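So, here's a batch of structures to check.
Below, subunit A partners subunit B and then partners subunit C, in two separate complexes.
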Partner chain A sequence: MSQNNEDNMEEKEDPILEDSIVISEEAEEALAEIQEEGNRKKRMWLLLLLLLLLLCSCGLFVRYLVQPEPLPDIILPFTGPGSELSYPPHYLFSIYGLSQPVGVTLSPDEQLIYVSESGDERLIKVFDRSGNPVNSFAPPDTTQGYRSPVYMDTDDQGQLYVTDRLQHSIVIYSREGKYLDSILGTDLLLSEFIAKHIQGNMPEEITFSYNIITRELKYKLQEDGEEFSLPDPDPAVWAPLGLWINKNNDVFITDVFEGQHRVLTFKNLNKVKFGRGEDFDPKPRSFGASGQNAGEFLYPNKVVVDSQGRYYVSDGNNGRISVWGDEFLYQFGRGTGDGALSLPRGLMIDDRDRLYVVDAVDHAVKVYDVSGDEPIFLFKFGNLGIDDGLFNFPNDIAIDSTGRLYITDRENQRIQVWSY
Partner chain B sequence: MSKKLLTAVLILSALLALSFSIASANGGPHGGYTATDDACAGCHRAHTASGPKLLVETSTYALCISCHGTAGTGADTNVDDGFFLSTRSASTDGTANTTDNAPLLGGGFVNYGGVAVTSTHDVSGTVGSAWAGLAGNRGVLTAIDANLDCASCHDPHGSTNYRILNTTVNTAAVTVALVDEGAAKDYDTEQWSTGTSSLCAACHNAYHKTAAGQGSTLDAGTYTHRVDMPFNYGGNANPETVGLGGFTLPLAETGTNNTVVCMTCHLPHGSSSAMTGFADGGPTGAGIPPGNTIAADSALLRLDNRGVCEVCHQK
Partner chain C sequence: MKLIDFLKKFWAEKNTLDRMIWGTLLALLVVVSSFSGYYYWDRYVHLGDQSPIELSVKELEGAVRNDPTDIDARLNLAQQYYDFGSYQSAINQCEQILELYPDTDGAMFITGMSYYRLQDLDLAVEYLSQFSKIRKESSTAYTDIALETSLYFLGETLNKLDRPEEAIPELLFALEIDFTDADAMYQLGLAYARTDQPQLAVEQFHQAVRFVPDFIEAYQGMINSYSDMNNAGMVAYSRGMEAYVFGEFEVSITHLVAAIEDYPEFAPAYVGLGLSYEKLDDLEKAEIYILKALEIDPDNFLAQNTLGRIRSLMDNQDS
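Entry: the complex of A and B
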């Protein structure tokens, strides 16, 4: 039945089409021309589009050659607690032009990357976010044999604090790298010492320098003025090594003076007007002692604090992380497996209380979730080698709010940039 | 009962003395391991090592300067700059037996005294030769059995020798006795005793001449300065206590008759001494000592030019 209906319909349709569409030859030609014109335009647009794509590709290729950076990284939801993301980051690119870099940190706006070198001239080198060199500097009146910048961080004003292992001091620079002052001990500031000796207000134009090895302290009241010397300030019994600054501008330092390895915490150091000769007596909290027992340190390299106020100290030669509150809480990292530590050095903690530990001789960064009562090992990334994404004695790490990680890769003479 | 007590006391005393001697000789991560120790992972991997001897790294020097480099992230003995990095202010005695930033007795591989070195032992692990490596070939660079790196001379696991020096170097036995340096180590005053030269002689054996009158005895075509000898031979001034113009040289502590050894004149790690005029043995220098082809090479000497001669001989 249905078959018959279909046949009938076909029979009815054919005569209708034949009768109703009567097209002249001219019209057919015109129609063909219109269609051809349309096709030509389509082909032209397609060609233009291809040319545009080709131009874009060439442009990107040229940009890559000039600035070897991969395409902008895709920003994943990195900040903010509560997310369940726990996969490792991926390698982005490297910044070269460095000699045995050891320390790394960022400006408060995260647009500048500061790197300390332990090789060649031992400078602080500054790069922009894309890895272009911006600036470099060192303490005044020192040659490379008299300085050794190691760990560093910036406060909310952009002032850069750098521990110098040979100068036994914390050197303060402006955001642009202008030398401001040196902290010579827990209660001794270089400009304070000078102000007391010149018995007057510090002129704005004063410049000064101190070399702890040559024991030379020089100052000029004006830039082109006469140079004066002062007696040795008798620096304090300390050896600052690690340095980290939290969002409240509290400064956390590790002190590795022989037989007195400890952590020092200074409150609100950014309120000190460096270089102006102010009285300096911040009365830091101190905890820890030298040794291998629980609650003791052997070359603590860095300290960071989580959102609950717990301190994490990379206890380098003891191969562990030491955790403190008001008192010693616990330690972790010894043992076997991926989460075990060999020589923990640089530390960083992100907004979700993920602790990043740079293991210098395992050539990797190990990440733990420390938001709970006990640390949970999440993952590690990196391995020994010279290719992209491989490390050769990494030492320190900095993290920005977009999920970028900057890691000093000492023997590969570079900073590696990773991202989530 | 008293015998048992006495025996127990003796055993305990012996154990204490043994443990003290191990700690004194080595300390830190270099020794003192236990059966339950997990310190091995600091430098070794059992199944995934990248370097020989199951090391985590193929370059021993790069591994060592992770602690002992200029950043001093794991040690006070900064061998790159030849400085001791702990601190002691001018008015306060710390626990250290070495003043802040004192120069290390071994010199430095990058700087010494804040100045770039002019000669070093190349510990990159690529050079397998030594001056005077064979008897009779003084002034000639000769192949040795192994390439040179930090572990060629030092045993990171500890040693009975002074400053964890190996007991065997380049297949030769080495014994460097330690003079008591007190409770804390002393890095800027020599505390080595007899046998110090045996370390150098393990590779530079043609220079190790100890017989009296050696300097005037033709030996295999050349003469050479005697070592392991008393400083006052021929009425010389004591280079350690008297010196010349404020410059002194260290002697090995061998009792009343302090002894001239290789390290009296040479810094084994590296020296920043300046070589000018006839002392510059390089192609641009005026002097031409045999075999020396490196401009301004200071031959690891402790003092500028030939100051090491004058401090003793004072001609």
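Entry: the complex of A and C
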């Protein structure tokens, strides 16, 4: 009986078992399909992620090729004063073949580097971006004893403005180095003075020169024509030293005439047609006075303006940076420590409101973040020495949009090029 | 249509997705590595950058090419090659000069120095000897810095060639030109030591450390020479100063105390103790030993200098 029962049980159970096996196989297939679909989805997401990364990388590469900026500046947004983006640049190379270079600036397209020398021939020398010499020039009818170019800058047309300590003037050249004109005072151009004396339109071919030391003012109506002399203008009552031009072509000058140390700002000087005898009366804004008190200057070397319209003046012999708005605001740089200044000379400010101060006696460049209400010292780079990356009385600095810095290393007779 | 069909077929294939993933990954790697390489090249590499010496060499090579008989230009070029470390090129230039003008002493000097740098010591001795012989006969020999340099290197080279007897007169002459040349004193000491004149040797070593107090080789020379003389006290002094220079101040104190036991009136040992205690920040003991040194030798410059420094440190600690 029991055997029969067991047989019956087996007979009854077998179909169920078979069914369950069939179901299980189907389930497994379904499960495998689900798993396959899941894997496929995962791989799809992975592919999408990789494609996104590829797109970003390509975009970044193209962005860098179009506008080469330091990678951290491209990737990370600027986060405000004292941002963690403050990292010092590194030495790249040097440009030699100079005698005691003091001033440096770039052409508007940043392909030419202009350097003023204070030694030997005292020329303006021009180099390409790789440091190869291109050209050199000086004011007409002057020898090295009668000229001393210092600071300079270019306007958006590429005209080069150079202050001359001995000639007490600002000499204007074309991009190629052709002499155009001289600003002899706050309201006098050399061509304007000549035009008034010859009482007529300035011919296209006119050439002229003026040497303030020998007091010789000469002009020729035609290149091969007769040379004429004129009585020289009244002595200049200014001594332009520092010069900087902003993106609106406003020119900012420091004047170190005896007992009259001040800052002058000229609006839109690029609209003046230099060399054509135009009336020149730009009515510059002037501020500051000689002295050591707050708001006074002792040999202000250079002036730059930040994105909020504040003026920063390197107050050389007072060893500080003087900050101005409509009125004197504050000063910084006195004291001790890395951020303290000894003899600030060249100044420059970048798009992120990082102020670069060349400290000639500390043989270093000191960088401050001035985007906030108060300056924050970020870092300094350089030290005394003759090796690559060391300075021996640096004087001026220029910065290009790719993050390259050009620094005149006066006593090492070179321009040092640094890069972020 | 064909393209669409192709894409449909391509997509329907089993491994399409995997292939696309690997392809994209590869493309990503190519783009990232290209960008990294370009970025590094653009920001950190400046091709064709030349040092002032390289520029000067180029300029002088041009001058020599323009006028191969210009001896001054060749000599300047040889000097630049030497400064730049191109010793064989310097020798080649000088040989051409000496072929035309065998008495050009400048060419002999550069050749001798170049052979010295190339470790061809016999030839170095030959050319430096020729140069020194010519210059010694000059009326300005005793103010001739180039001669002093030549004599020093001649002496050093002769010592290296194990010819100390010949080195001694050259080094003595060098010291007559520059009596502060501690390196020449050391080499002279070595030459005396190797010619079995340890007393004269230690005199030179002591002179050398007077001018360069941390001249470790001079102390080691003293150890050897005093050992030859069986002078345990001065060996202890020398070992003490050697340890001081190595920065092992406690060891130096042990040796210097032993030296004082043998030589209680030897001022330099007290100076060494003062210096060691100063380094261990025990300024009071340092002052005591320096004062003792000055009591024995009031003109000891190193002791005077150290005392000033120690007292300044003590004042700073008090304030």
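Keep this in mind: the second predicted complex is superposed on the first by the 335 of 420 C-alpha atoms of A that agree within 3 Å, B and C clash if a C-alpha of one lies under 4 Å from a C-alpha of the other, contacts with A are read in each partner's own complex, and residues count from 1 in each chain.
The criterion applied here is as follows: a residue touches a chain if its C-beta (ideal position, glycine included) is under 8 Å from a C-beta of that chain, and two chains touch if they have at least 3 such contacts.
This one's a predicted model, so the numbers in the text were calculated from it and none came from an experiment.
Participant: With the two complexes superposed on chain A, say which partner A:A289 touches: subunit B (first), subunit C (second), both, or neither.
Facilitator: Once the two structures are laid over each other on A, A:A289 reaches no partner at all.
Participant: Touching A:L31 in the superposition: subunit B (first), subunit C (second), both, neither?
Facilitator: Neither: A:L31 stays clear of subunit B and subunit C.
Participant: Does the superposition put A:I376 against subunit B (first), subunit C (second), both, or neither?
Facilitator: In the superposed model, A:I376 contacts neither subunit B nor subunit C.
Participant: Kindly classify A:V150 by the partners it touches after superposition: subunit B alone (first), subunit C alone (second), both, or neither?
Facilitator: So A:V150 only meets subunit B here.
Participant: Of the partners subunit B and subunit C, which touch A:P235 in the superposed model: first, second, both, neither?
Facilitator: Touch partner of A:P235: subunit B, not subunit C.
Participant: Subunit A residues in contact: does subunit B have more, or subunit C?
Facilitator: B
Participant: Along subunit C, where are the residues that touch subunit A in the complex?
Facilitator: The contact residues of subunit C facing subunit A are 17-18, 20-21, 24-25, 27-28, 31-32, 34-35, 38-39, 42-44, 46, 48-50, 52, 55.
Participant: Touching subunit B in the complex: which residues of subunit A?
Facilitator: 100, 102, 118, 122, 143-146, 148, 150, 165-166, 168, 212-214, 232, 234-239, 241, 256-260, 298-299, 301, 316-317, 319, 334-336, 340, 342-343, 345, 360-363, 384, 392-393, 395, 410-411
Participant: In the complex, go through subunit B and note every residue touching subunit A.
Facilitator: Checking each residue of subunit B against subunit A gives 28-29, 38-39, 41-43, 50, 56-57, 59, 62-63, 66-67, 69-76, 78, 81, 83, 85-92, 94-96, 100-101, 110-111, 113-116.
Participant: Would you tell me which residues of subunit A are touching subunit C in their complex?
Facilitator: 40, 43-44, 46-47, 50-51, 53-54, 57-58, 60-61, 64, 68, 70-71, 90, 92-94, 96-97, 130-131, 403, 417, 419-420
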